[in-house]
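What follows is a short report on a single structure.
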């Protein structure tokens, strides 16, 4: 019996969150902050053995733990990670630490509850990515909604109740259908283990229904056009930490779901409907980018750019069918899938950092409107330099993480179809347009607003938060193999599963 | 037909008719005190029927617990609440047809189901009377404390909870201390504290 | 030897990066003086190492192609970071480190009183690093990384004075236009990956002929297949057009002049903008296989060479004149690429790097002397105040106008003759005419600028006059440093680079058998002096002379003719002032159009139809339905009970009356009853 | 001999009487509670009859628990009625419509 690493990663933050909540009063806000920081740091430290002891040569689940949970229905508390979920868990823990530090100064009311919400969310997120039992997955998936819903509803800005309800309705609508699909699969396999779902043979009609049920759950989370409209509202109203978690983690759950459920469980339906997913991804990449150009609110702009960037992740996931159809070689499709996954992680870092930055500005200036700002570089040079780095990562400049995913997806898309690659590559221009346009207006130019005159540069905690993200952005940008090597075995396994003929 | 059987039938039909009559009185009485008393009557005759069915313990429990405790509680409450009975009479006639219709419909269905062709003597003969040594209390106690001991304990807990909640619900809240409410103090608006009064100026005294 | 080259290359590439990190992250701690000392020292180290590498490769025929580390691996594909050091790379490294070193030194004086001093040095060093990454690449990925890296630093440096509206607009425009080029570039790389399965130069080059022979086609539009190599070359060339500012993606370069002048010299004249030219030369084994692509390169290059030069006629800003001149010269280089005279193009690139940097730095010296005044109409007669600047500017102007025996003559004349000799390529006739006319245009605009600045009446105010003086030594030293190669390098290097066989480029440039125009020219080359004398019999020389003379006439002798000309040819003047309408077109149609389209998408499609009608609409529909159904909720207990009972009755009735195998019937049959 | 169906029919009559009570009663909540008691009585009657005729003690155990629950329900129900009266000064069902949508 080895040390239950994954369970610690799931439950330690939850316990930490409960302890933080018990601190209660805002008079002891600093105590709450420090407890939260310590718990988050322990979470991150636990990731070190996770990465170090992870074997990159196998696609099997590692660090497996299995306890019977509800015997009568065959539900197990079973967790484990493979090359797809392990990076996501590390991402979760990094993000939480960033959120704790980024919220250190900006959150002043109900601090303990705020920190607790994010710690509990961290635990739930780890659970989502580690669960190998479908019902356990579903439980974590839904449980995680509660803290984020509360964080928008309580610490959000003026229109928060609309945004939080909209967010909740959207995501819940999708996941209800997912539950139906899971139950259907459970009835026919007699087991809740996700791996047993992989073996179930289904007719095409059934596969398509299961696909649609999963699709709605995951597409809302990603979010894919046209289910994306909750995202700008949720981002705009959420506090900085909430935005970071939304962008960095929540959206990833959608793509993770596609990888874990849709592709291996209903491969024939995916093969049948891949063009549909590709079209939606391309719409997200181009159309949403144009929408981002028209934004006047920084958070909204970044939110739309998230949708566009996640379009690459989904494109990478479903491009595999087109590539293999074209070249007939499974190995050619690796790059597409891995590119999509790198894009997911890199988007988490760059967009998360941009949201932290906007949160800092909002805290100081109480506006998110691009038109109200200008010339911030003069007053906050360190902050501006860091933001420039993240903006460039958002643009997809080589040397930053944003480049790796886009590059790999475009390159592999070309193997499948010339026009898909061309349309996807327009992001090279469009992302530069909206990101740098915003950057130019906010950070450069003369000081337009007397309040900006009074600004001072960011403090220690913000530097830590942004510094962690900057390190990750550069690390993945300069040496992506550190990430890619983790993927290979699992991606190969997934690709094989995604091409099994499961028609009876 | 032997004598005991005739007695049994007489007792059954008499009690059954009395139960039905007192049931009608329960729903038709305008005065709730009388209604409660009618209900007591229904319970008493039900107990008779249950004894006929050889479940002595429950029959007695019905009298002790229901008539003795629960119905007394009802009467207490009815009398404690000072209700005027007069306005409550209205609309009784108006709803009578629909009420009768529904209840007759339900009754018809039920009798259709439990009619003698399904549950008659030809199907279920009356079981033999128990021997004199048979003790219903002992028999019931035996299963209650062995097989059904967990539900029994739960029932006990349920009663406790019911008692606590009834007390806490009905206990009048007495504000003994004068407390500050900081939230209220902070949220106070100007209008809550200041009232501008337009005082007419006094007439000049010439 | 390979090991030495590898070590040296690492030093060359990493020294500027180290400088950038030191000056950038620790600039505050180090202070101004230490910052510039550190970066200059590291730059000098890089330059020295570059010289050494030059010796090892060009003279000793060393060669290196090695992988530094595996950047990423995915399925069948491997991405490396590695060096390919051959003669072409060595020359480029030499040029880049040389100009960069001088610009570093120059900036000590030029940026002396700027508040962003350390930041500036950090950027310049970072730029050098990226540029070196670009030229040392042994694969397309690293090429692209360097390519984007220089783009980024260019963006940062154009917008260096970030409070200046024109500067940040210029930087934004530069980045976006470059991105348009990168769009083509990345598609080209994707095509390379798809058809070659790797991004490493050597493998790609080795496989290219087979691919060309196989006649693989790519159906871009169904029914109109393209040869794959042509497609790849053209897509990559779009990237080159962006970076090397070829028409119609040239619009960003004039705007980039809003940056500090040393930057204009280093990035927007000597090095970065020539990256496209370098790329085409580097990829010569691919371009050689696609005559279509070469023709396109030739025509676009030649068009740029003439027409952008013309715009310089009507510019008043001294830096803009030189910027348009850069555009024009880049056109020459591209034209050389188009006729497979890669060596001539690269040779011109290097010479141009020297004399154009010289011109920019000299212009910067003038601007510094005039206290950041760039309008030539407010200059004049500076000759006696700034003698060193005057002479060096003159040398640069002569070199640019290709007057023998200055450096520009040997490179530019070779290009024009090569284009003239390569009559078999479609478009070469048109290109030749453009280039010869271009020689006149070049000479005219640069001497117009020269006369307006240094000769004639002093048109500046008395206040300025008081402190006009020669710039400090850190400023003029680099001028001299650049003036020396501008005079002599052409004569010295022409033979070994262009006509010798094997030339100093060795095998780093590939020219197909039938395309070798330089070999035909070599037959007529008999030493540098004879070649210089030979000039009097050629059209370009006389075109240049006429250009100089007419500039003299119009600027100094009879200035009134200028106004007559403007009046007579007012429509041409209008077109030139409007720069052929590219800027207006971009601004109105593309920039505005995109914004309008985006707003339409947002306000109508997204916010109105999707969000308001469909999503909030479904919410409203539920609310409306609820408001109707709500009336059932009377709040009366007996209503609820009534409905409950009714439901029970209906339920039981349903089973009893309509279901033949009703649940109750089943129950009745079961063993309990 | 009394057939099982007689007891069941008596239970049914009691049950439908209490239903009629629910529908007809527009008066006070207490009468409603009494109707509930009547309904439970009907149910209990069935249980005991079945228990007797099938000779299975479990039916009586059920009745035992139903009595327990009914007692608890009455206690809480009456407490609520008292509370209701204290707050609203009425227990007239026609005036208790705070659930109105």
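Lettered A, B, C and D in written order, each chain numbered from 1.
Methods note: contacts are C-beta pairs under 8 Å (C-beta built on N, C-alpha and C of every residue); 3 or more make two chains touch, one makes a residue touch a chain.
What you see is a predicted model, and the numbers here were worked out from it, not measured in a lab.
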Pair exhibiting more inter-chain C-beta contacts, A-C or B-D: B-D
Cα-centroid distance, chain A relative to chain C, in whole angstrom: 35
CA centroid of chain A to CA centroid of chain D, Å: 56
Centre distance in Å when chain B and chain D are each reduced to the mean of their C-alpha atoms: 6
Junction residues of chain B, two or more chains touched: 98, 102, 106, 118-119, 123
Chain A: positions in contact with at least two other chains: none
Junction residues of chain D, two or more chains touched: 19, 23, 25-26, 54
Listing of all chain pairs that touch each other, if any do: A-C, B-C, B-D, C-D
Touching residues (chain side chain B, partner chain C) in the complex: 98, 102, 105-106, 109, 112-113, 118-119, 123
Contacting residues of chain C [partner chain B, same complex]: 642, 645-646, 648-649, 652-653, 656, 664, 668, 673
Residue ranges of chain C in contact with chain A within the complex: 69-77, 141, 144-145, 147-149, 152, 155-156, 159, 162-163, 165, 168-169, 171-172, 175-176, 179-180, 182-183, 186-187, 189-191, 193-194, 218-220, 594-595, 597-599, 601-603, 605-606, 610-611, 614-615
Chain B to chain D touching residues, read off their complex: 5, 8-9, 12, 16, 19-20, 23-24, 26-27, 30, 32, 35-36, 39, 42-43, 46, 49-50, 52-55, 57-58, 61-62, 65-66, 69-70, 73-74, 77-78, 80-81, 83, 87-92, 95-96, 98-100, 102-104, 106-107, 110-111, 114-116, 118-121, 123-127, 136, 139-140, 143-144, 148, 151, 155, 158-159, 161-163, 165-167, 169-170, 172
Contact footprint of chain C on chain A as seen in their complex: 166, 226, 229, 287, 290-295, 329, 331-335, 338-339, 375, 377-378, 388, 392, 397-399, 403-404, 407-408, 410-411, 413-415, 418, 421-422, 425-426, 428-429, 432-433, 436-437, 440, 443-446, 479-481, 484-485, 488
